[in-house]
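Each chain carries a letter (A, B, C and D) given by its place in the written order, and its residues are counted from 1.
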Amino acid sequence: MNFGNVSTAMITPFDNKGNVDFQKLSTLIDYLLKNGTDSLVVAGTTGESPTLSTEEKIALFEYTVKEVNGRVPVIAGTGSNNTKDSIKLTKKAEEAGVDAVMLVTPYYNKPSQEGMYQHFKAIAAETSLPVMLYNVPGRTVASLAPETTIRLAADIPNVVAIKEASGDLEAITKIIAETPEDFYVYSGDDALTLPILSVGGRGVVSVASHIAGTDMQQMIKNYTNGQTANAALIHQKLLPIMKELFKAPNPAPVKTALQLRGLDVGSVRLPLVPLTEDERLSLSSTISEL
Amino acid sequence: MNFGNVSTAMITPFDNKGNVDFQKLSTLIDYLLKNGTDSLVVAGTTGESPTLSTEEKIALFEYTVKEVNGRVPVIAGTGSNNTKDSIKLTKKAEEAGVDAVMLVTPYYNKPSQEGMYQHFKAIAAETSLPVMLYNVPGRTVASLAPETTIRLAADIPNVVAIKEASGDLEAITKIIAETPEDFYVYSGDDALTLPILSVGGRGVVSVASHIAGTDMQQMIKNYTNGQTANAALIHQKLLPIMKELFKAPNPAPVKTALQLRGLDVGSVRLPLVPLTEDERLSLSSTISEL
Amino acid sequence: MNFGNVSTAMITPFDNKGNVDFQKLSTLIDYLLKNGTDSLVVAGTTGESPTLSTEEKIALFEYTVKEVNGRVPVIAGTGSNNTKDSIKLTKKAEEAGVDAVMLVTPYYNKPSQEGMYQHFKAIAAETSLPVMLYNVPGRTVASLAPETTIRLAADIPNVVAIKEASGDLEAITKIIAETPEDFYVYSGDDALTLPILSVGGRGVVSVASHIAGTDMQQMIKNYTNGQTANAALIHQKLLPIMKELFKAPNPAPVKTALQLRGLDVGSVRLPLVPLTEDERLSLSSTISEL
Amino acid sequence: MNFGNVSTAMITPFDNKGNVDFQKLSTLIDYLLKNGTDSLVVAGTTGESPTLSTEEKIALFEYTVKEVNGRVPVIAGTGSNNTKDSIKLTKKAEEAGVDAVMLVTPYYNKPSQEGMYQHFKAIAAETSLPVMLYNVPGRTVASLAPETTIRLAADIPNVVAIKEASGDLEAITKIIAETPEDFYVYSGDDALTLPILSVGGRGVVSVASHIAGTDMQQMIKNYTNGQTANAALIHQKLLPIMKELFKAPNPAPVKTALQLRGLDVGSVRLPLVPLTEDERLSLSSTISEL
C-alpha cells in the first residue's frame, strides 16, 4: 500500500449545531486532493476521534470512500485503548471499503510493550486491511518501543507502516534499519518531516497539509531529488505555520486556518474550545506571512 | 461529603471468561470495608474503566450501591475525554444511587485549561452529586493547573474535592491554600500520602489499600494525632509495596496481590496483560516482607 | 554533628566593585543567627561558588569561623566536578577550622554512580570532618541514586548527612529507611521541607531562611511537636516567597530581598545578572504580603 | 572561519600516572587528520575540561597548534560557568595561537538568557578570535534559547557558529533561518548530524569521528551531493556505535574504543571511571560489527 509523500490527517467538519457536515466534507476532500494530499486519514486525532460516536465514524468512513472514489487511499482511524472496541470498529471500517486502518497506541491505561504487541496483533488478525501503527507518546504517555514496532512488522504481514510522532530520531532510525524494505515510517510531526526523511523515512502524515499541502509536497520532492538545500528552505519557510497549528489544542487552529482561507469547516467539540481572540490574531498573521 | 481518610480505587473482578464477576465483587467489597477503606471508587482507572462497556459500568454502579448499602460513600468514575458521553454516564450513575462521581481530566486530546474548565462545568451542571476531580498528567498528559482547580472550586458548588496525582506539591499547596475550607485534596499517589497531608491534604485515594488498608488508615490516624514519627515509620514500611503495585501497568499487580492473599479477582483485559513470572515473583516476595 | 532544623545556604556579600565584602558578611551572620538559623553553609551554590576564586573561598571560611565563633556549625562548600580540586579545597577548609564540608554531586561531566561513589570516597578519606552530600540533579543533571547514598553512608564513617534536592520523595524515603539512625536527610528545597519531614527527614538547608528564618524554625518546631495543621498553615503562607526566590536565577532574588529588608549585600557576578525591574516589583510585592 | 564538515571533539590522552601525555597526543592528531577530521576541538567536554588544570589546558593549546601546524583549524575550549575565568583562558588560548574558541553555556549556576548574553558578549569582546557557542542543556540544564543565539550572532561579529546539542530541531531551524548566511550550526549530537543538515545545518562536532571519521565525512559528502539515500544508509550503519559511545559517561567509551583500535590514550580522571567489563564487552562487539 502506497500512502504517498503527504498523507493528510483530515479534520471532521461540523455544522453550526456541532453535527458532522458531509457537504463541507466533500468540499474539503476536493480541496485537499487538489493541494498536495496523497492519502487521507479519517477520524484520527485531528478528526476529533475522541468526541465522535461510533456511528458518526462509520458514516464518515463510508462517505469519504464514496467521495474519494479511489482517487487516493483512505485510511480509517479505528484504534483506541480498548482492544475489543478497536476490533469492532476495524471490521466496520473494512465493510465501509476503506483502504487501510490507523491504530494509535492505547492511551491513558499505559499498557506494557507486551500488552501493546498483543493489542495490535489481536486487531490486525481481524482484518485483511493494511495497518499503519501510530506512536504518539506526547498524547498516550506509553510509547511503542522500536523493538516492539520491529517485532510487529516482522510477525504480522498486514502491519505495513508506522506514523512515528515520538520525536526520537534514534528510535526511528532503528525502526527503518531493522524493518523490511516495504515497511514505511511516516513522520507524525510536520516539523520533523525532513529530519525523518534524512534518516530513511518515507513521508509525513500531516496537519499542516490542510494549509500548505502543495509546499509540503514540493519540499519532499526536492528532497528526494537531491535538492536538499531547496527542501531546507521550504522547511524553514513552513516552520512558523507548523508550530502555529499546535499553539492551541489541535484541531482548533487548523479549523480556524481553513476558515481564514475561506473554507468553513465549523468549530470543535468539548472538551476542545474555539481559539481565543489572541490565538486567532496570531494564527492569521502567521498565515498571511506564509 | 466526607470521603474519609482512605478511599479505595477499587479493581473490577472478572471471571475466567473475562466478564464482570459480581459474586467476587461482593467478597471484595466486604474485605475492603473491613480493612481500612472509608469510601469506594468504582470503575476508575484501577477498575479498568477504558475496557468496561457503558452497560458494565452502570451495572457495577448499581450493584455496588446495593452491596455497600450506605456503609461508606460510593464514588462512580464517570469522566472521560468526551464531554457528552461523560454527562450521559454521570446521569446514569446518579440514577444508580451513587454518592458522588469522579471526573478525570480528559486524556489524549489534550484540551486547554479553558477547555477543561468548560468540560467539568458542563458535566457538574447536569448532576446534583458531589464531584471529585482527578488530575493525573502521568496518564492524561494535559494537567489541570492549580488556578483552574481553584476556579472550579469557587464557581461550581458541587465540585468538592480533587484526587491530585500530579506529584507537584507546590501546586497542591496552592490548591489547598486558595480553595474553600470544605474543598478536600486527596493524594492520587499512595507514596505521597503523608507529604500531601503535611501541606494540608485530607487523605488518599489508594490502590495499596487493597493490600495494606489497615496500615494506611493507621498511618493517617497517627499523623493527624501528631505522632508524625510513627506515621513516617509506617510510610517507610509500606513504600516497597506501594512501588511494587506500579512496576507493571496497574491493576495487573494489585489483582495478582489480592490473589496471593487468597482473593481471586480474575485477570485483566487487553491491552493490559497478566504479570510475567518475574514480576509475579518480585511481587510475592515484597508482599511476604510486608 | 547536629546541623539543627534550619541550615542557611548563605549568600556571599559583594561590595560595589564586586569584591567579597567582609564587613557586610559580619552583619549578615549576626542577622541570620538572630533569625532562625541553626547552621551556616558558606560558599555553596547560593554563595555563588562557581564565580568565587579558591582564595576567596578560603578567606570566607576563615572569616566566617572567626565571626561565628562556635555559636553554630559552619559548613564549607568544597565539592566540585573535579575530584582533585575538591580534595585540595576540603583540606584548606579543615585548616580554616570549619565544622563540616558540603560536597555537591559533580556537575556537567555526568559521572556514573560508581564514579560518584569513588569521588566522594576519595574526598571524605582526606578529612576528619563530617561530610554532608548534596544531590541537586536540577543543576548537575547526574543524580545520586538512593542506593549510592545508602552505600556511602554505610561505608564511609564521616559521611553523615545529605542535602536532597532531587524532589523524589520515594528516593528520599528509601534513603531515610536504609541509612543509620544518625544519618540525616535535609531538604534542599524550601517548599519540600514539610513533605520531607513527613517521611522522616531532619530539616532544611534553606535559601528562604534569609528572609523567613524565624517562620521556618517555627514551622519545623510545630511539626515535630505534632501540631501538623499549624505547620501546614505556615508552609502555605511561606510558599509564595519560597517560589519567588527562584523566579530568577538564585541568588539574585534573595540578595535583592535582603536589600529590600535593609541589608545591603551587593549584587551578583556574571554570568548571573541583577533582577529586571519587573522581577524586582514582583519580589517586593510578595515580600510585603508575607 | 571554515570548520569543515567534521570537527572532532578531541579526547585528552593521559599516561599511566594520569598526566597529559603529549607523545600520545601527536599520534592521535595525525590519526584523526588522516581519518576524516576537518578541525579539532581541544579541551572540550570530551577532552575532560572539568578535570584539567588551567596550566594543562594552555599546554594542550600550545602543543596542538604546533603539532597541527596549520593543517586544520584548532578550536580551544575556553568557556566555563565563570565569566572572569573564561576571559582569562580565552586570552591565553589566543596567545597560544589557536584559530577559534568554543564557549559552552554556563553549567550548574543556571543563568538567565540575559545573563548568558552578557556572559558571551563579555568574553567575545576580549578576543579577535572567532567564537563557536556550545549549547548542551543535557549537561548544563540552562539552554541557550534560539532568540538569544540569533541576538548574539547579530550583535557580536566574532560569534560565527554554534555547536547545538539541544536536540530541538525546531529551535535549530529557527537559528538557521534567522542568522546571517555565514553563521553555521553544527550538530553537537553525532546521531542528529543528518537531521540537522536536512534543516540547513553545516556539519558535526563529533565524538564518533574518533572511530568512524571517514564514514562521517562520506555520509556528509553524500548528503551535500544529493545522494540522500546513501547518506541515510551510512547513518543507519553508524548509529549503534554513536549510541555505544554514550552508554557510559563520555569519554570513557571513546578512549576504550581507541585502545581497542590500537591507539593507547590512557584512562579517565575521577569523577569519571573506566568502563566495567560488561561495558567493555558491549563496546568491542559493537566496534567489531561496524
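Quick note on the criterion: a residue touches a chain if its C-beta (ideal position, glycine included) is under 8 Å from a C-beta of that chain, and two chains touch if they have at least 3 such contacts.
Since we're looking at a predicted model, the values are computed, not measured.
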item: Copy pair chain B, chain C: interface residue numbering same or different (half cut); value: same
item: Most distant chain from chain A, judged by the mean position of its C-alpha atoms; value: C
item: Euclidean distance of C-alpha centroids - chain A vs chain C, Å; value: 50
item: Inter-chain centre distance, chain A versus chain D - centres from mean C-alpha coordinates, in Å; value: 38
item: For chain A paired with chain B, centre-to-centre distance based on mean C-alpha positions, whole Å; value: 34
item: In chain A, residues with contacts to at least two other chains; value: none
item: Pairs of chains satisfying the touch condition; value: A-B, A-D, B-C, C-D
item: Chain D residues touching chain A - in the complex, by the definition given at the top; value: 169-170, 173-174, 176-177, 191-192, 194-200, 223-229, 231-233, 235-236, 239, 243
item: Parts of chain A lying in touch with chain B, wherever the complex brings them together; value: 45, 48, 50-51, 80-84, 106-112, 114-116, 118-119, 122, 138-141, 248-249, 269-273, 276
